[in-house]
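Can you keep this structure in mind? I'll have questions shortly.
Chain lettering (A, B, C, D and E) follows the sequence in which the chains are written, and residue indices restart at 1 in each chain.
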Amino acid sequence: MSKLVYLIPLFPLLGFLINGLGRKSLSKSLIGIIGSGTILASFVVSVLVFFDIKTNGASVITLFNFIQIKGLLIPFAFQVDQLSALFLLIITGIGFLIHLYSTAYMHEEEPHHFARYFAYLNLFIFSMLLLVLGANYVIMFIGWEGVGLCSYLLIGFWFKNNNYNYAAKKAFVMNRIGDLGFLLAVFWLIFKLGTTTYTDVFAQVGQLSTFDITAITALLFIGAMGKSAQIPLYTWLPDAMAGPTPVSALIHAATMVTAGIYMIARSNILYTMAQGTQSLVAMVGLATAIFAASIAIKQNDIKKVLAYSTVSQLGYMFLGLGVGAYTGAVFHVMTHAFFKALLFLGAGSVIHAMHHEQDIRKMGGLKKYMPITNITFLLACLAISGIPPFSGFFSKDEILMAALAKNPIYYYLGLGGALMTAFYMFRLYTLTFLGGFRGTHEQEHHLKESPIAMTIPLIVLAILSVIGGWVGIPELFAKDAHSLEHFLAPIFAASTAISEHPHLPASQEWMYLLGSTGLITVVIIYAINNYKKYKTSTAESTGLGIVLENKWYVDELYDTIIVNPLDAVAGFFKSFLEKFVIDGAVNGVGRLVGYGSRQLRLLQSGQVGNYLIIMVLAIVVFVLVWFNDITIVYYLNRLFN
Amino acid sequence: MSTTEILFFFLSALALFSASMVLISKNPVHSVLWLVVTFFAISGHYILLNAQFLAIVNIIVYAGAIMVLFLFVIMLMNLNQQNEPQKNFWMKLTGVISGGCFMMVLVSLVRQTLDMQTKVAMTTSGDIGLIKNLGRVLFSDYVVPFEITSVLFLSAMIGAIVMGKKD
Amino acid sequence: MIPLLLILIPLLSGLAVFLLKDSPSSKVFALVSSLATLVLSLMAVFTKGALTYDAAWLPGLGSRFSLLQDGMSKMLSLLTAISFPVVFAATYKNVYQRSSAFYGLMLLTQAGLLGVFLASDALLFYFFWELALIPVYFLCSIWGGEKRIAVTFKFFVYTFIGSLLMLVGLLYVYAQTADHSFAMQSFYHANLPGHAQNAVFALFFIAFAIKMPIFPFHTWQPDAYEQSPTAVTMILSGVMVKMGIFAVIRWLLPMVPQAVQAHSIFVVTLSVTGMIYASLIAIRQDDIKRLIAYSSIAHIGLMCAAIFVQNQIGLEGVMIQMFNHGINVIGLWILADVIEQQLGTRKFSELGGLAQKAPVLAILFVIMALANVALPLTNAFVGEFLMFNGLFQFNGWVAAIAGISIILAAVYTLNMIQKIFYGNTVEKTFEAVEVSGNVQWVLSILVLIVLVMGVYPQPMIELTKDTVSAIFANR
Amino acid sequence: MPIQYYIYLCLALFSIGIIGALTRRNVIIVFMCIELMFNAVNLLLVAFSKMHLAAATIADKASTVGTDGQLFVFFIMVVAAAEVSVGLAIIVMLFRNTHSVDINFLNRLKN
Amino acid sequence: MNAIIVSALLGVVMMFSGILLKNKSSLKYIAIGGLLLLLIANLFQTYGVYTIVVNSHDLLRFQKFGLFFNSIAISATLIYVILSGKDIENVGNYPAEYFALIFFVLCGVSILCGFNSLLMLFLGIEILSIPLYILTGADKRNLKSNEASLKYFLMGAFTAGIMLMGIALIYGATGSFGITSPVFINTPTPGSAPKASFLEIAGVLLLFVAMCFKVSAAPFHFWTPDVYDGAPSVFTSFMATVVKAAGFFAFIRLLEGQTAILGPTWKILLSFVIISTLLIGNITAVFQQSVKRMLAYSSIAQAGFMLFALYSFNEVAKEGILLYAAAYSLATIGIFAVLIKLKDYTLDGFNGLAKTEPVLALTATICLLSLSGIPLTAGFFAKYYMLASVVKTGTGLWLVIVAVLFAAVSVYYYFRVIQAMYFREGVSETTEITSGFKAGLIFVAALIVLIGVLPSLLLNYFYF
């Protein structure tokens, strides 16, 4: 069965080609069927592969040799193992739901744009699958850049709007910064080990010095920072909300941005051996988690809130990776995929109903118009906030417990972030669904529940958000109930073997669990109460509020210290250095010749007397030279011998 | 001091003086005349060196023919009254200095040439300069250049015609 | 025999085209001739082993008319052979005054280029080196833009100085060869002493650096690209700059290995500086042609650096990239030409929203531009990946600094795409229409090459392997 | 006579000729100075011819060494005559056109 | 010897044919026939058939090298007459005399190709020069022509004086006028100061200066631009090619084997001359607006390249000077032939020539390319040989580099003409152009390209 794994990326690729080439001739329904159907096919194969792995274990399937030169072999090969299988399921499964959702959500687009949309989406799935399936870092990198490209294309999908284009460009460039780190890490691996194939690299990891490993992992982490929107490369993700909402759900919440987590989880042995980098990962993750959460509190755009929430959640995942809870991180990827996709799709449903109004201050009271959306959204909010027994609770708990074991400060800060998460999510929920409607009458008139193609994914995801966490019930509740950990054990075996996992006493763990759940509940109630009576004309924010509203002024900071200076340097190069110095030197030689010409011709005075004088003087000089070598010329003569 | 030496110095002084006068004279006609004097002095030197043939030819060709030609031209142009406009003083100075330098370096070279310090020119004796001897060599060994000079004269003739004839 | 025919066909047909009256027939003739060359070069590619041709030429001088077509030559002659029909087809609708002269000169250029890539005799190489330059001079000066005369002249004199210095170097090495011969092998085994190697290196390197061009010898290039007729620009940047790179690999590396070793740090520094420099300038450009020109400088800088790091992986990358860069940049020029021809401007500030009017053009452009920024699964990725790899093995920091250009490349390329195609239509693009069929076909072929080479580069690696290993075998 | 004397004399005459050529503006005078240079050379050649003869007669009384020197002088005179005829023709032609023999006015051609 | 006699006789024939013939246009054909005869006579001697045996008492000594060179000079003249014969007739009222003078010049050239004595050198140069003074002034009513003639004459005569002083000093030191006599080759030990007497050195130096003047090497080049500019264009063409090449040949013949007495300083001095010649020739040419004057300066620049043959003095240099003479003469004659047909000698006069007269433009372009030393033209190999000869000596690589840089400068002014012809707008006015003339030009251009591709075609004759 694993032999058929190449079908998994092939279907989306076919979908991309058909939709891309036939965008003028295909009807909308056909496009939708092709776009979604290919993903469904991939999903089916993925499920088969998943079960195949459960029975037969991991394998590597080589398609052909991508690059083969002396001392370097990079096969185009797929690694089919537990980790990739899990990701395959997430990608194709959620991918399918979102495709399905999109058929309705994007229905107003013109046919060829509609086709373009699905082509991009399929291409994205293809790239993501490559990323996950690749059996070496180069193939991963191919997917890695591929998803970046698709993200770029989809963010700028409505290309008439220049702001969207800027957002798209920003996303691509920031990803590229990370990609450079990734690439350098790959080069380093090739330089030291001569291979990039996972199995070989992990087998030979002992040959690397600590410095090498630290550097490689750090560079890889830079790649992850870019892709998974961590400080300092996170600013593209909120802007990426310019894309259609299903795209945000799929790419900027559920799948692509988790590529960094996947990569580190994949390279877990390297990170386990590089303690320094691991601490860095943890700290960056934690910082991002809190920082993004703080910004999310003050955002008023429904998608922006979710975007910062995504950044924050990704931070948690990195925290998990950083403290060695690889399973926890992957677990959180999974649950997060469920509820964040759900949140985005719900938001999409809202936006769809509100006719592309995204400001939550102008919503409110949608509960009665959109019951399904309301309920599913609420479930997702509960899941992300970490209320048991929703999925988020289990995954987040696992990460936080691991953090607690590693360093209590991590835990407390992480908990603070979790509280903020609960707060802003319920602020969002309350402002959107509770209270009275604050929009225009016309909007109110049109409010209605979304079509069935949109609600079905919502319902499916809601179910998953609720029960998704049950695959990872901690030992605290039931012995050996953490089936995910057992499933992924082979992947992290090497890391587990060399790292120690201190376990808290069960009583203490219960205490932390109950305590945190209690705090979160309090925050939720506070948030609901606080915003239920929200009116549009609330007073302006003050102090920290302004800073948060302006996202800590990070974009401005980047502009000031990087973008503008670079632009100035480029301008200096273009209009001064290039023009006057380098070109000037070249033209200067020409001008010098011209000047010399004008001067030398004056020597030709036309006067015979002058000519004769110069001749006679030349003779005199010649005789003198004869008997006294002119040293310069003599020296020049000896220059080359 | 022997007669030869006296004659030598006298002729040398005359040659140098009259040559200088060629330069100094403002009137071109005077210059021509001074040049004729110079040629005579040089002819005297030839006689002193017992180069009789050349001495005669010098007087006939140079002093007699060439200088007369010059004189004719000057007369033809009616330049005798004309005061030649003077060159810029600095230009003149430069000219004199250049010429002087030229002489200085050559003289210094000759002074350093050891084998020239002892050698003498045979004066008043040695008969290679007689017409008989020269003629024999000219028409045997040097017959080719002698014939070839005819080409020179042909072209000079053509030149004089082409140039001189009024269109 | 194939190498000889490869030169003769364009040479003779080029001369023949001159005699044709100005009519569409010259166009067809040129296209047919270039297709014949393409077939031949494909035959060469599919022939195993190196092809040679040898005939007496200048016995007194120790120079023979000898040609060698090894892997690198096959690859480059293939590039040349692909480029010309592509250029002819893509500019098929362009109307040139005195078209027979135009096509004749183009074919002569092709002959010169092929000669450069095939010559295995130093003097012959020099001959073709110049032969490739002269027709280009006329092409640019007659059919170029407003400032063509001055700009082309600067370009010409600049490169001419370089080639004259190279001539001195050739003469010097020639005088040192054991058998007083210009043959390639004699040059390789000239065994120059250290200081002579340095002198020869300097003489050759300046010539090649100007041709490539390497910072700071590059200033002729943006102007020349801007002012030349686009068909010529395509050849200039697609094929001609490869002459410099080719020459470094073919002549400089094996001839003066010690000097290359000694100066590698210097050259790599220069190249990497140039990459960053050119990329930064590209960011600020407002003109499609100039942007592509500077981007090309940056890419060439990478190739040059990758040669001088002197490891197998880097050099293999250069080999692939020579071909791929040619394809990509020609594609970009074709697109730039389409835009200029249709809209009459190349300024971003006067463009916008073209994607609404000409989606196919937009798609093709985006693919080509992405290939230009070396996105994986496009052809350029493989080459750049290997080259950066080579650079990294030389020095990690150098690779990291050079890598910045990858980011900058994304910045300026996306900038360009955005400003031309996205946003709302403006005055000039309001009436724009879709790109014509022949261009679509040509570009589709290029796109196909881009993708195939990007997914399956191994055949190209196999093709050029022998040259690379031969160079390192002597070490 | 010591040959040095002759050399110095001839160099002096030659230099006077040069100086004249450099300083005078009248073309005819310049030309005359050039003739003076020729004559200086002539004298030098004759002196040298007799010097070589003097060296040769020590060994061989009937030596004709040095004849070539005097014959050279003869040829110089021949050439000089030819040159003068052409030169004066040119000067006359110029004078007919410009009514001047001033060398400084010969400056239509310059730079 | 054949050539000397035949050319002198032909000169006389031309004089008389001027008197006897009513139809002046047939003069050209007589001259062409005469030149062919001359060429044949010379070739006969080159390959061992002495029609006229004259004992020159070792004043002349003909070697294959010289005779071959003479053939090149005669052939160049032949091509020159074929192309520009009609224009010679149009200069003034004495076409027959002009042709006669040209033959006399060739007589001088022939002497210079075989002189073995300083006397013959002197006579040869005078026979060469005097007709040229006249030809320069042939356009009698043109003040420029008058002035050029007088300037040329005065400076030529002055230089003759310098040369004679040199000869006299050499004679004083060696007692001989022979250029190959054992005394003259007073070999010192290399590297040490020359042991030759200072008198001799001074003599050689003055001779060197005089020859530099003849080949217009800086700083003795001043006459060249003025004279070339002022002279009737047809004769400039002749002067700049055949005569100049002959001067070079004489120069080489004179100093061949003598450089030893000059010691190492010789090369320093020569480097100075070469560089200043290249500098002045190339740099000054850049600014010229008159193409004719530009070509005059360019001829100085070309002389700078030819001087390399003196610098190296080896087999390559000898072959090279032959090739250079041929290539340079061909190209210069070609470009002048075109120039003469134009009404305006300035650069603007060339504007748009490619449109009005494409054949002229094309051939002129090939000539200019050859002059600038672009490969595939004869000029490339000419320069190539010069540079190669120096490189072969193992010293003076810096000189070669300087030379190529100046060669690049030369491209600047040559290409300005090409630019004018091809790229600039304008209507270039020409006098009537016959198809025969065009055919001649095409022949010249083809020859240039042929030599440029296969120089051995020409040089092989040198070896048998």
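Here, contacts are C-beta pairs under 8 Å (C-beta built on N, C-alpha and C of every residue); 3 or more make two chains touch, one makes a residue touch a chain.
This is a predicted model, so every value here is computed, not measured.
The set of chains in contact with chain A as well as chain C comprises E. Taking the definition of touch as given, a chain qualifies here only if it contacts chain C and chain E alike; those chains are A. By number of C-beta pairs in contact, the leading pair of chains is B-D. Centre-to-centre spacing of chain B and chain D amounts to 5 Å, using the average Cα coordinate of each chain. Note: centroid distance chain B to chain C, computed from Cα atoms, is 71 Å. Averaged C-alpha coordinates give centres for chain C and chain D that are 66 Å from one another. If you average the Cα atoms of chain A and of chain B, the two centres end up 102 Å apart.
Within chain C, residues 199 each touch two or more of the remaining chains. Within chain E, residues 119, 123, 126, 130, 133-134, 137, 140-141, 151, 154, 158, 162, 172, 201-202, 225-226, 394, 397, 412 each touch two or more of the remaining chains.
The set of chain B residues touching two or more other chains comprises 87, 91, 94-95, 98-99, 102, 106, 109-110, 116, 141-142, 145, 149, 152, 155-156, 159, 162-163. Two chains count as a pair here when they touch; such pairs are A-B, A-C, A-D, A-E, B-D, B-E, C-E, D-E. Chain D contributes residues 1-9, 11-20, 22-26, 28-29, 31-33, 35-36, 39, 42-43, 46-51, 53-55, 57, 64-68, 70-71, 73-75, 77-86, 88-93, 95-96, 101-102, 104 to its touches with chain B in the complex.
The part of chain E that touches chain B in the complex is made up of residues 4, 8, 11-12, 15, 54, 56-57, 59-60, 92-94, 97, 100-101, 104, 107-108, 111, 119-120, 123, 126-127, 130-131, 133-134, 137-138, 140-141, 172-173, 197-199, 201-202. Chain B meets chain A in the complex at residues 87, 91, 94-95, 98-99, 101-102, 105-106, 109. Those residues of chain B that touch chain E in the shared complex are 106, 109-110, 112-116, 140-142, 144-145, 148-152, 154-156, 158-159, 161-163, 167. Chain D meets chain A in the complex at residues 18, 21-23, 25, 30, 103-104, 106-111.
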